[in-house]
Amino acid sequence: MNRPTVDRPRAAPAAPTEQEAPVARPPRRPAGAARTARPAGALLRTAHVLLLPAVLVGAYWAFTARPDAGFYTPTPDAIAGAFAELWFSERLFVDVLPSLGRLLTGFALAALVGVGLGVLLGLDARVRAIAEPVLEFLRAIPPPVLVPLMIMLAGIDDGMKVAVIVFGCVWPILLNTVEGVRAVDPVLADTARCYGIGGVTRLRVLVLRSASPQIMAGLRLALALAIILMVISEMFASSSGLGFAIVQFQRTFAIPEMWAGMVLLGIIGFVLSSLFELVEGRVLGWYRGLRSAHRGE
Amino acid sequence: MSTAAVPPAPAPRGARRPGARVRTAPNRPVLGSAGVLALLLLWEAVPRLGAVPERHFPPASEVLATLAERAGTTPFWEAVGHTLFGWALGLAIAFAAAVLLGFALGSAPRVRAFTTSTVDFLRPIPSVALIPLAVLMYGTDIRSTLLLVVYACFWLIYIQVLYGVADVDPVAEQTALSYGLGRLARIRHVVWPTTLPYLMTGLRLAASVGLILSITAQLIIGSPGIGQQITAAQQGGAVALVYAWIVATGVLGVVINLGVRALEHRVLRWHTSVRGESAA
Amino acid sequence: SASGEDTADGGLTTVTAGVIPIVDVAPIYLGVDQGFFSDRGIDLQLEAGSGGAAIVPGVVSGEYDFAFSNVASLIVAREQGLPLTTLGNGATSVGEQGADFGGVFVLEDSDITDAAELAGATVAINNLNNIGDTTVRQSVRVAGGDPEEVDFVELPFPDMPAALETGQIDAVWAVEPFASAIRTAGHREIASNFVDTHPDLSVAVYFTSEQNRAQDPELFEDITAALEESLAYAQDNPDEVRRILGTYTEIDAQVIEEMVLPRFPAEISAESVRTLADLMVTDGLIETEPDLDALLP
Amino acid sequence: MPATDTTHHRGVRPGMLKVTGLQKIYNGGPAPVEAVRDLTFELAEGELVCLVGPSGCGKTTLLKCIAGLMAPTSGTVELAGEPVLSPPPGMAVVFQEYGRSLFAWMSVRANVELPLKEKKLPRARREELVAESLEAVGLTAFADAYPWQLSGGMQQRVAIARAIAYEPQVLLMDEPFAAVDAQTRADLEDLVRSIWQRLGVTVLFVTHDIDEAVYLGERVLVLSNSPTVVQDDVTVDLPVERDQLTTRQDERFTRLRAHVYAQIQQAKKGTAPTAA
Amino acid sequence: MPATDTTHHRGVRPGMLKVTGLQKIYNGGPAPVEAVRDLTFELAEGELVCLVGPSGCGKTTLLKCIAGLMAPTSGTVELAGEPVLSPPPGMAVVFQEYGRSLFAWMSVRANVELPLKEKKLPRARREELVAESLEAVGLTAFADAYPWQLSGGMQQRVAIARAIAYEPQVLLMDEPFAAVDAQTRADLEDLVRSIWQRLGVTVLFVTHDIDEAVYLGERVLVLSNSPTVVQDDVTVDLPVERDQLTTRQDERFTRLRAHVYAQIQQAKKGTAPTAA
């Protein structure tokens, strides 16, 4: 870990002195390893993404090459063929995009409801005591069995499907928010109180920020759940959509196509997760910095 | 140099100051019952007022009556028992696997980096879509149900554990390092307690998702349990009975949560979220 | 077949069948009840699941020795290359207009008066690309409408009445006991889609895989014989059918008394299956007609 | 020893902070802990009082009760005649746990500015105050750093800067200079005194450094070991204008210092006499 | 001023800790921060050295590098001839952030006992050590409390007790007495000296209190302001047997104290001379 010596004036005095006026810290970066290591870094990152999947696909390929690998486990090239044929066609617009739209709407609503309600419950033990059994009750109900009720209340169109997504994936966000809010550092809460930081500001600068690591955990779980629930919601009152297509393939024994649909689900999950990672990197920048700071990075 | 010993607990004297912020711990059972009662009243009102047809969404009283009637029969409890068995076993397996892997990979970020893409790829695959595969591999017995429950629960706990492991206070970690605590000891004494709140949330999430999948599996595969009962009720058009089973499921959820909460209160005594509730 | 080899006490061979707990399978329950299977040394275990997702893989894997399914699903499976083959009839259309065990219903005060007017309407069926939409399209075609114009959505039978009455959809295709419930509620039946397709339409059948059958042909001959005996018994004793329905379903006793039972002829009408397969090709559910002789040995 | 004793020295000033019969019992643990038994004292408006006492005697507890962050078990706190039930406006607190009292997700500047925003100060004024106070604690160059990029002492100074920039009427400081070096400490002491003189703010200052207590305060309150009561209330009859060199060499300073030290030693020994 | 200067005073002792050309640059933030520029010094086995320096000059950084918790950007740390790459066994650290270094989920007793368990000491010995060290810091009565039920000073003492009970060969302490009162501080100072004498442990002690540095140490290392180098290395030629009253009144004590103080003031001013 030996980095070349950086020879430059240090302009960050602990206290401003006469000679060294408070100059901002030098913008020059050390010509150190961090920069030169780029190409290797890119390679490593590619390996991170692709290595294990490649190994798994290889293993699966070997498995399907056996004679007794059945009808339900087609070879990867069959799946890839089906994938190309299915999703590089107009189905992308008919099935995939509308589903994605509902998925993102549902996820956004769930995030809003989950965080909003979570903050409310997390802050007030009384409200929490009142609401918890009810919420636990609702949480244990399989979303599919509520579909009839939702159809009556929200119709059979996108509204119902979004409602199923929200109902199913709000829970991780809600629970994590509640727990995150409950765990706000008491010293920090006291600080905010005595400086008169209350109301919305308190939520914004204290509660949400300090609960954000846990909220992020909830959102990350919810993102994958939302995809699952997108599929489940399209099992009802549907005639199109990615989930619908997968179920159809399954029912009509179009197995390579079904797997192609699942692969697409996985890819959507991976892409959304990666985007989420970017957002999380920004939101939790301080958190990661804080942790790595102590390791001297 | 002896600091005065803990003073011998004089009972808090006198009445509290008027107007002081009296922060008694809320009476949970009473408040919780109030919440449930409110839900039941709402449920009673919605169909009775005609917001949805009563025939398709029976009021609470009717459903509870049906439930009460069924609860007196053996098949009811057998179904509940089957469901809970699949649930408990699946949850236990998922919990053990997720905790093991979560701690192992969580504390080995270099290795973990290679798994992230695969994990993100696998997580959004619905358990339900795996049913044909499950049946193909394990038939219709308990193992199929287990596969679905474990697959769904695993990710929940696993991701929570990963976030929890990342939450370790660096000063605490460095303390452990400098006192020569080995990897296992660090996990046991530092990482594990830090992760616990996350793990508890993961457990609560997985507990209900496990229940849902245990039921869904029975619903679709047709192995005995609540799910099979719901199918039968649905196919027979017995709406009140369907909702009675839904209520039974919800009640199971509440009971399970009570258990996890009690556990949490024991193991997280020291944590801000719990100690704040019982403190002065 | 795994369980096919097991012999229980008294020398009975344990056989497992996957069924759906609906009206159509009453004969097999009766058959067990009457001892038609045990007479032939078969200890028949009935496993009641909710649909095809588990049943066909169950048969393919040998988990089920045989199972119950509608004909259209089997045609699709056969077309996709699954080696399934029928053992005996399941349920057959009553063949009488307006008095079949399933039909298309609209609200009492609906503008739709006949099947031709379904063009442009939203119609709920339990499974898309299956027997429901194929036969309803045929009704529309017969009535002179354009089947392409019908807008189908998937909805489980149990959820149909609610969706119809809350105005979420224009028409439903339902079978017993839901058909009775809908009739009782005063809704109008505008088509008997099974009858429109073929008066003798075999709607559902019992099937197994070719491997299963090849392993123990004698056993399957016994099963077929027992099935035939059960069907005949059911056909001749409708009261017995209604009695047995009370044991394995949750249908209201009143409804059981009133509802229309399917016919249970022992023979599958090959002609009706061929008609159905032709329609499926016409509607694009399958590309080519599969080898129906292999399906119906 | 009635608190009014002390008002003579700068002329009669109205009472600002009045603590009467304050008792605090913590009930969180397995057995209740009586942190503070019975505290009664008063601070006049614009007074600078230092609070010393053995470790664990209840200073922080007292400060939290005064700040309205904690309800006393019995007794009252009054600020300008009003009972304190929740954090009163115009009061700034520097917490002993300085590290945890900074918002880790905000830069140093944002940390200092946040309370000013809540005070609805115009932007220009805010920037001025932030710049001034960071300058005063010597952290101008670190305005854009995050708290966790600072050393312990620097973090503590951020907390101090935040309190100063707030321009409070009452300032409570809980061992605010514990983590800074001797020279910085001397500078900060002078800073507190100059701000106190300039703004007329009432200051309650907890410290473990007896020299500091005597150097800074107009009065020094000595708390006893638990069960905690006010063991002594020492009026510091040093001139208002103080100076690190001359004041500390003053013979009265040495005498007061010795007196307070003796009191603390007494306090640690056990049950203290009501007055020294 | 080469470090070998100091070995004369207790006879020649083998080198224990050797820091050579240590530099540390933090790259976490938007711009790199050079916390420590070039530190070279040596501690003999069984030596007690105090480290003073302006706030933010890199003392904590240095300690973490020595403890193997942080990799230096350049330069090396050697302990008993071995380069330090990860936390070496037999080393105890008292962190500046004492509050966060205690495990909130363990009682005071368990906190102190945990490292001993890791050392695989038999139960009886562990209990003895825990009881002794808690007694030494005056917390016997709080053995079963959780750290968050203690005051700041008490928490700090728990951290000290943990380090003492560990019976390390090398003890690094980062402002360990910052939060305790004057009397307790004096007691703890004597405690550290007595343990040092009894166990022959090598101690590196960071403090801001110059009196403390002179009173405790055999040598005092003064660090400059950043970019940090060793500004001075003062040998404390006080007798080995020290006493709070007499030593502090010793004329040599006063002289050393003044010398170190002058150095620190220099250090804060800016670029320091290589030697005083």
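Per-chain numbering from 1; labels A, B, C, D and E assigned in written order.
Following the convention adopted for this analysis, a residue touches a chain if its C-beta (ideal position, glycine included) is under 8 Å from a C-beta of that chain, and two chains touch if they have at least 3 such contacts.
Bear in mind that the values here come from a model prediction, so they are computed numbers and not experimental data.
S.K.: Figure out the least number of contact steps between chain C and chain E, where 1 means they touch directly.
M.R.: 2
S.K.: If you average the Cα atoms per chain, which one ends up farthest from chain E?
M.R.: Farthest from chain E by mean C-alpha position: C.
S.K.: So, what's the distance in Å between the C-alpha centres of chain C and chain B?
M.R.: The answer is 39 Å.
S.K.: Based only on mean CA positions, could you tell me how far chain A sits from chain E in angstrom?
M.R.: It comes to 45 Å between the two C-alpha centres.
S.K.: Between chain A and chain B, tell me the centre distance in angstrom, where each centre is the average of that chain's C-alpha atoms.
M.R.: The answer is 20 Å.
S.K.: Using Cα averages as centroids, what's the distance between chain D and chain E in whole Å?
M.R.: Centre-to-centre distance between chain D and chain E: 28 Å.
S.K.: Using the touch definition from the top, which residues of chain C touch two or more other chains?
M.R.: Answer for chain C, listing residues that touch two or more other chains: 53, 56-57, 60-61, 156, 158, 162, 166.
S.K.: What residues in chain B touch two or more of the other chains?
M.R.: Chain B, residues with two or more chain partners: 1, 3-4, 6, 52-53, 56-57, 132-133, 136, 171, 174, 219, 242, 271, 275.
S.K.: Multi-chain contacts only, two chains or more: what residues does chain D have there?
M.R.: Within chain D, the residues that touch at least two other chains are 26, 28, 33, 54-56, 86, 97, 100, 144, 146, 149, 154, 184, 268.
S.K.: Would you tell me which residues of chain A are touching chain E in their complex?
M.R.: Touching chain E from chain A are residues 1-6, 8, 10, 12-15, 17, 19-20, 25-30, 32, 34, 289, 292-293, 295-297.
S.K.: Help me check something: in the complex, which residues belonging to chain B touch chain E?
M.R.: Contacts found on chain B: 1-6, 169, 171-172, 174-175, 177-182, 185, 189-190, 193, 196, 270-271, 275.
S.K.: Would you tell me which residues of chain A are touching chain B in their complex?
M.R.: My answer: residues 47-53, 56, 70, 72-73, 125-126, 129-134, 136-146, 148-149, 152-153, 171-172, 175-176, 179, 182-186, 213-214, 216-218, 220-221, 223-224, 227-228, 231-232, 235, 246-247, 250, 258, 262, 265-270, 273-274, 290-291, 293-295.
S.K.: Which of the residues in chain E come into contact with chain D in the complex?
M.R.: Contacts found on chain E: 26, 28-30, 33, 52-56, 58-61, 96-97, 99-100, 144-146, 149-154, 157, 175, 178-185, 208-210, 261, 264-265, 268.
S.K.: Which residues of chain B touch chain C in the complex?
M.R.: 52-53, 55-57, 131-133, 135-137, 139-140, 219-223, 228, 231-239, 241-242
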